[in-house]
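Below, subunit A partners subunit B and then partners subunit C, in two separate complexes.
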Partner chain A sequence: MTAYLLRRIGTSIIVLIGISIFIFLLLHEIYPSPARDVLGLRANNAQVAAWNKQYGFDDPVIVQYLRYMKGLLLHGNLGYSYSENQTVASLFAERVARSAYLSFMSLFLAILIALPLGIFQAVKRNSLGDNVATSLAFILYSMPVFFLGIILIQVFAISFPIFNFEASQSTDVWTVIGDWHSMFLPILTLTLLTVANFSRYMRSSSIDVLAQDYIKVARAKGLPERLVRSRHLVRNASLPMITLIGLFLPALLAGNLIIETLFNYQGLGLLFYESLSKADYPVLLAYTLIGAVFVVVGNLVADFALTVADPRIRLA
Partner chain B sequence: MSRFGTKRIGGLALAVASITALAACSSSSSSSSSSSTTTTTPGAVTQPGSIGAIPAAGTPSGTAGSITYALSPGAVPNWILPLPTAAANSVYNVFTFEWEMWRPMYFAPAGSTPTVDPALSVANTPVWSNGDKTMTITVKPWKWNTGQTISSKDLLFTFDVIKAAVAASPANWAPYVPGNFPSTITSMSTPNASTIVINLKSPVNPTWMEEDILGAVPILPSFAWSKDSASGPIIDFTNPANATKIFNYLTSQAKSVSTYATNPLWQTVYGPYKLSSFNNTTGAFTLVPNTTYSGPHATPESDFVGVPFTSNTAEWNAVKTGSVDVAYVPQEDVPQIPQLKGLSYNYYGLPFFGDNFVAYNYKDTTGSFNAIASQLYFRQAMQHLEDQAGQIKAYYNGAGDPSYGPIPAYPKSPFLPANAATNPYPFDVNSAISILKANGWTVTPNGTDTCATAGTGPGDCGAGVPVGAKLAFNLIYNTTPPIPQLVEDLASNAKAAGIEIALSGSNFNYMISNYNDAASPANANKWATEDFGGEFNSTYPTQFGFLNTGGSGQIGDYSNPTADSLINASVSGTNPSAVSNEASFFTAQVPVLWQPLTDYIWAWKTNISTTDPSAIENLTQYSATPEYWYLTK
Partner chain C sequence: MAHGSASPPSLDLTRAPEGGEVLTIQSGWRLAVREFASNRLAVVGVGILVFFVVFCFLGPLVYHSNLLQTDLINAHDPPGAGHPLGTDENGFDVLGELMKGGQAALEIGFFAAFVAITIGALVGAVAGLVGGIVDSTLMRIVDIFLSIPFLFIVLILAVRYGASVLSLSLVIGGFSWQVPARLIRGEVLTIRERDFVAAARTAGSGNGRLIGRHLLPNAFGVIIVNVTFQVADAILAVSYVGFLGFGLHYPNLDWGDMISDGVGYMQDGYWWLIYPVGVCIVLTVMSLNFIGDALRDSLDVRLRRR
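So, the complex of A and B:
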């Protein structure tokens, strides 16, 4: 087990180094220096060159990469956004808790709803309940998140003003958590779409498991149906879900862009979008690197979880 | 995005397109934007080119409150020092944030009219002498909120700090044009507590200096800001070394965004408001009335609250729920303008004082395009292919106004030349074809025109255009709507005249850095034409910097001796008509392809009124004078 974990961690580190080099080189090719952002278009080429020299942007790219990584790893320095007039680290710090709350809460609720729903649909396959749930899942799954959000806002915030049309505007995450009146609709929107996705996976996974021989054996041995489901069905059917949830981890960083845009919620997704439109490369570089870390870590966590859920994996 | 000093690259269409509305021309409650006849209620304010109307002043409720003001996505302040650097220079930093606390010496616009508003200006009109080389400025006896009277010493301090800033780097003060003011100051003196005398190296045009240069200069408090550390003493700012230290200190404080509302520096103001709260994550801010403000204002004054939005959809939802008091009408929501009355909002819109254009690259040698673009007849033919009326109707839904030169027809500028009031090159494909045929081109509609007769004589293609040269070139455009629609329409019309335009999408920031002959000379042959949006005009709309040879804001390296002479007259001559003459020349010469302007439409709740309609009109110019706003019964 330990050897397996070390192997996976080692592989992840190598992947991360490769990704960081690739991203840095790519963005450096597009945006070799922020000099023009700082000096403006009226600065002549000599002034730009002088600025680049002063701040090390005329060094070889590999030197710049190593300096960036040193600053990142030793000091948590992600660079400076000249268009936002703040360090990239502070821009992230201001938003990460808000984005994480939105993502985790909707993910948690989605898992809470989708897992039992998928199992129910598999067990009651082709029943009225299964058909209704399947229909709803298809409707939600095929619906663009923007559209669903607009409908919910129109119905529950404008036509029947039960909830706020926008998410909480507080930057204090505890205030945000306590502001259910404002957070209900964005969380609901994200949860509904995730439930539609997860429940379909859970349903098909459960159907597969229900057809396995060990389920038939358990039933043949007279094990009560309740125990068949709780001991054999849930655990085995959840294995694909672990991978799926692991892959959802990067969504903490970027996945909520549309929700943030629609519900007036300053989060990381929106920061990325605005940086893209402003060509704010220091933010884009940091964002992409952190996104890569989340993907790798998400997969790593999923792999670890799978080894716990299914010992055969670590033996293999 | 700026309009200081000279014409600036400002992404006008980018900004306007993202936050400006296209009015429904079919709407019964909307006035036709291009029409000068509008039906309004008695006492209401409207004007040619506008959409909607400003109702007559309402009865004051006598109570103050908070008036919320919508900030469009990404347009939130992040720089407080009222000397914007090149990186921090934006209308949302300057016009609706800094200038609420520190008004410029000469405030513009006056409502929607691009000219100085004397009532809001802290200084009296300069008195010129010594052949327009000496200006004497008297500051009004307005008060700082700390009790001191604004003095000539404060003016001296301001100019010394700016001089130190630009000496360190031209980028330290965005309005600075290298070699110009304040580098042209030879000496300054303060004969009394309210007067400063400034001597310049050479004569300047007084209107240009007042409106474009001093109009960007707020006054800084020498008694509070003349120091180089938070706890340090007041130091002698007339020593250039000290002035540099002061500038560096003030800049360092402006970089601490999270302390804007708590830093004592920023609490010393003379404008109508002072900062009460600032959220550095969202950009939300609250400005509370400066009770000692000496300028005109409503009584009582309400707080001015900037409310940021992450999308136009979110902003429009706020309008539909009545959650914001003063809000822009997003482009995509223009068809819903008729609903505004039912939602208890008034609305009014006009184009911003600037221009949209397609720039030609006079250095692109690909296919001899540099030589082709240099031919006046070619540019005239291209302008004939620009269907402004059709584009306004199709892509702006009627909420826009045509523009035929550097000074748009609307809003009305006192400098508008006669030839820019009507279209000198009306849309007509046949006219374009005739011009090309008359100048040596074999025209192949829906094909590609070729030069048949090289040479410089009448009927020839012109200098540098070889036989066989094709009218085929690229146009790189900003993909922010409605620019793609505008260039597709142009390309379609051009195709009908045998001009083949290859369209290629890009984004604003990339374009202004990479498709710019001065900034990126290596890319000179990669673009023939580009449309990144447009530019904001200064109230004195000279094209200095933009269209003079070697101008610091040049894009495609346009050069014309007559243009240089006219621009020079605008900035250093005494002829009050100089800038009109200049604009007339550029309207006729079409150094860029002029495009129509969209209306910038604002909605405000019916329980908000103003002591002066200019305080609503100027919203269309990205300005805000909320001190005039009040709540009604």
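So, the complex of A and C:
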């Protein structure tokens, strides 16, 4: 297993290097230098060239890439945002707690709901409950995230003013966590969509497990149905959930982006949107790189967790 | 006894020699189509999709609306005479906007899927057929593209390059080819072991001909299922880009754009700016998902009823 571990880590490092090169080159192509933004529109070419020379933006791309990587890996320097006049790292640090709360709370609730839901759907297969759940899930994942958010806002914040239509504007993450009135709808939207995506896989994996021979054996030797379910079904049907979480990270990041924009939640997603509008490319570069790192690391961790949880894979 | 006028007994293929019925030979495609047609959701899906294509592309020929000149006196009219779905903030008719936005959504959806499947098929087929170091390199490249968060990179490129149907399709398709590449590579790995491939090679066909004439046509089932889901995902991606305001600009428009304009008026109760568009998006994507699921079921031999 150690060999597998090392091989996977090696591949992941190669992939990460490849991603960083690709994204850096792409963004450098789009936005070679912030000189024009810093100096203003009336700067002439000589001033721009001098600025570029001073700050190292006229070096060959490779040199700039290596410098950026060195700053990133050795000093944690994510770049500098000229339009915000702050380091990118500090911009992120301001907002990361709030975004993390949104994502992890939704993920946690989604797992809490999708796991029993998938098992229920498999056990009561083709019943009314199963069909209703499947149809709802189908509609939900055919829907763009923002439309679900809009419907929820309309129903729960405008027509029946139960919750707030805007997410919590507080800068302190503990206030945000305590502010259920404002945070309920954003979290609910992301949770519902995640559940809809998870439940497809959970349902089919639970159905597969129920068809296995060891379930037949357990029943044949007289094990009560509830023990069959709790001892065999739940454990085995949960395994794909581990891979799903890893695979679903990109969608979680993207969902964050849309929901924060819709609910005006001052998180990393809204930062990305604002940077797009202002063409603040240092932030965009750092954001995309970190997002990619999350995806790769997430998949790696999911792979390992699956290997630990499922002995069949370990011995294969 | 010699029967001079006897003719050789005719071969009746619909009767077995010992009596009883024999089914006429059915090709694989006929069975798949039959399986598909028996799935009610799939038929509904095809119906909805055809409806939207007709509605978006032929509708404007029947229902004329002015989407170029603002008419601020009639802005924000609720559904009523002359405007079945009301008007938006510029006085444009919402129903006409739905048709125009739908044109963009469908065009981008299908073209992006085409781009994705073309790149994916080439990469997957070459990787699967040639194998070795080419395969490993190509799969690493696939891994790299898979790990880039799709929405972020698409948004960055759309802001910079894409305010047209063509560029949006290229951007979306250019980052959606990884999954078809993996799928087609898997199919090619299976198909290339078959006898007809060996026969073709012996007859002297090179790799290009093998891919184009033998491998890809036999992977057609996987390809067509994936194309359907690609179109659905592309339409969703366009709606996200449009919602954030980075999609098509005046005088063009897309559905996501319409919703983002409408969201500002939610508190005012102008529901016709939001819900008809949203329902259109959901129905289109759902119909494509129905079709894709049914295609996948009908082309999977193991699930077929014999």
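Note that in this section the second predicted complex is superposed on the first by the 308 of 316 C-alpha atoms of A that agree within 3 Å, B and C clash if a C-alpha of one lies under 4 Å from a C-alpha of the other, contacts with A are read in each partner's own complex, and residues count from 1 in each chain.
The rule we apply is simple: contacts are C-beta pairs under 8 Å (C-beta built on N, C-alpha and C of every residue); 3 or more make two chains touch, one makes a residue touch a chain.
What you see is a predicted model; the values in this text were computed from it and never measured.
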- Task: Kindly say whether there is room for both subunit B and subunit C on subunit A in the superposition, answering fit or clash.
- Result: clash
- Query: Just subunit B (first), just subunit C (second), both, or neither: which does A:Ala279 touch?
  - Reply: both
- Task: With the two complexes superposed on chain A, say which partner A:Thr11 touches: subunit B (first), subunit C (second), both, or neither.
- Result: second
- Message: One more residue to check, A:Phe263. First (subunit B), second (subunit C), both or neither?
- Response: first
- Go through the superposed model and pick first if A:Ser142 touches only subunit B, second if only subunit C, both, or neither. second
- Task: Look at A:Phe57 in the shared chain and tell me whether it touches subunit B only, subunit C only, both, or neither; answer first, second, both or neither.
- Result: neither
- Once the structures are superposed on A, label A:Tyr287 by its partner contacts, choosing first (subunit B), second (subunit C), both or neither. second
- Query: Looking at the overlay, does A:Ile19 come into contact with subunit B only (first), subunit C only (second), both, or neither?
  - Reply: second
- Message: Going by the contact rule set out at the top, does A:Tyr65 touch subunit B (first), subunit C (second), both, or neither?
- Response: neither
- Message: Which partner chains sit in contact with A:Leu27 here, subunit B, subunit C, both or neither? Use first/second/both/neither.
- Response: second
- Message: In the overlay, one of 294-302, 384-392, 456-464 or 582-590 from subunit B clashes with subunit C and the rest don't. Which one?
- Response: 384-392
- Item | Doubly contacted subunit A residues - partners subunit C and subunit B | 146, 150, 153, 158, 165, 261-262, 277, 279
- Item | Contact footprint of subunit A on subunit C as seen in their complex | 140-141, 143-144, 146-153, 155-157, 159-160, 232, 236, 239-240, 243-246, 256, 259, 263, 266-267, 271, 274, 278, 281-282, 285-286, 289
- Per the touch rule, the subunit A residues reaching subunit C in their complex are 11, 14-16, 18-19, 22-23, 26-27, 30, 138-139, 141-147, 150-151, 153-154, 158, 165, 250, 253-254, 257-258, 261-262, 272-273, 276-277, 279, 284, 287-288, 291-292, 295-296, 299
- Message: Touching residues of subunit B toward subunit A in the complex: what are they?
- Response: 9, 73-74, 78-79, 85-89, 169-171, 174, 177-178, 254-255, 257-258, 279-282, 284, 308-311, 313-315, 317-318, 320-321, 323, 507, 509-510, 512-513, 516, 518-519, 521, 545, 552-553
- Mind listing the subunit A positions that touch subunit B in their complex? 36-45, 47, 82-86, 90, 94-95, 146, 150, 153, 157-158, 161, 165-166, 169, 171, 260-266, 270, 274, 277-279
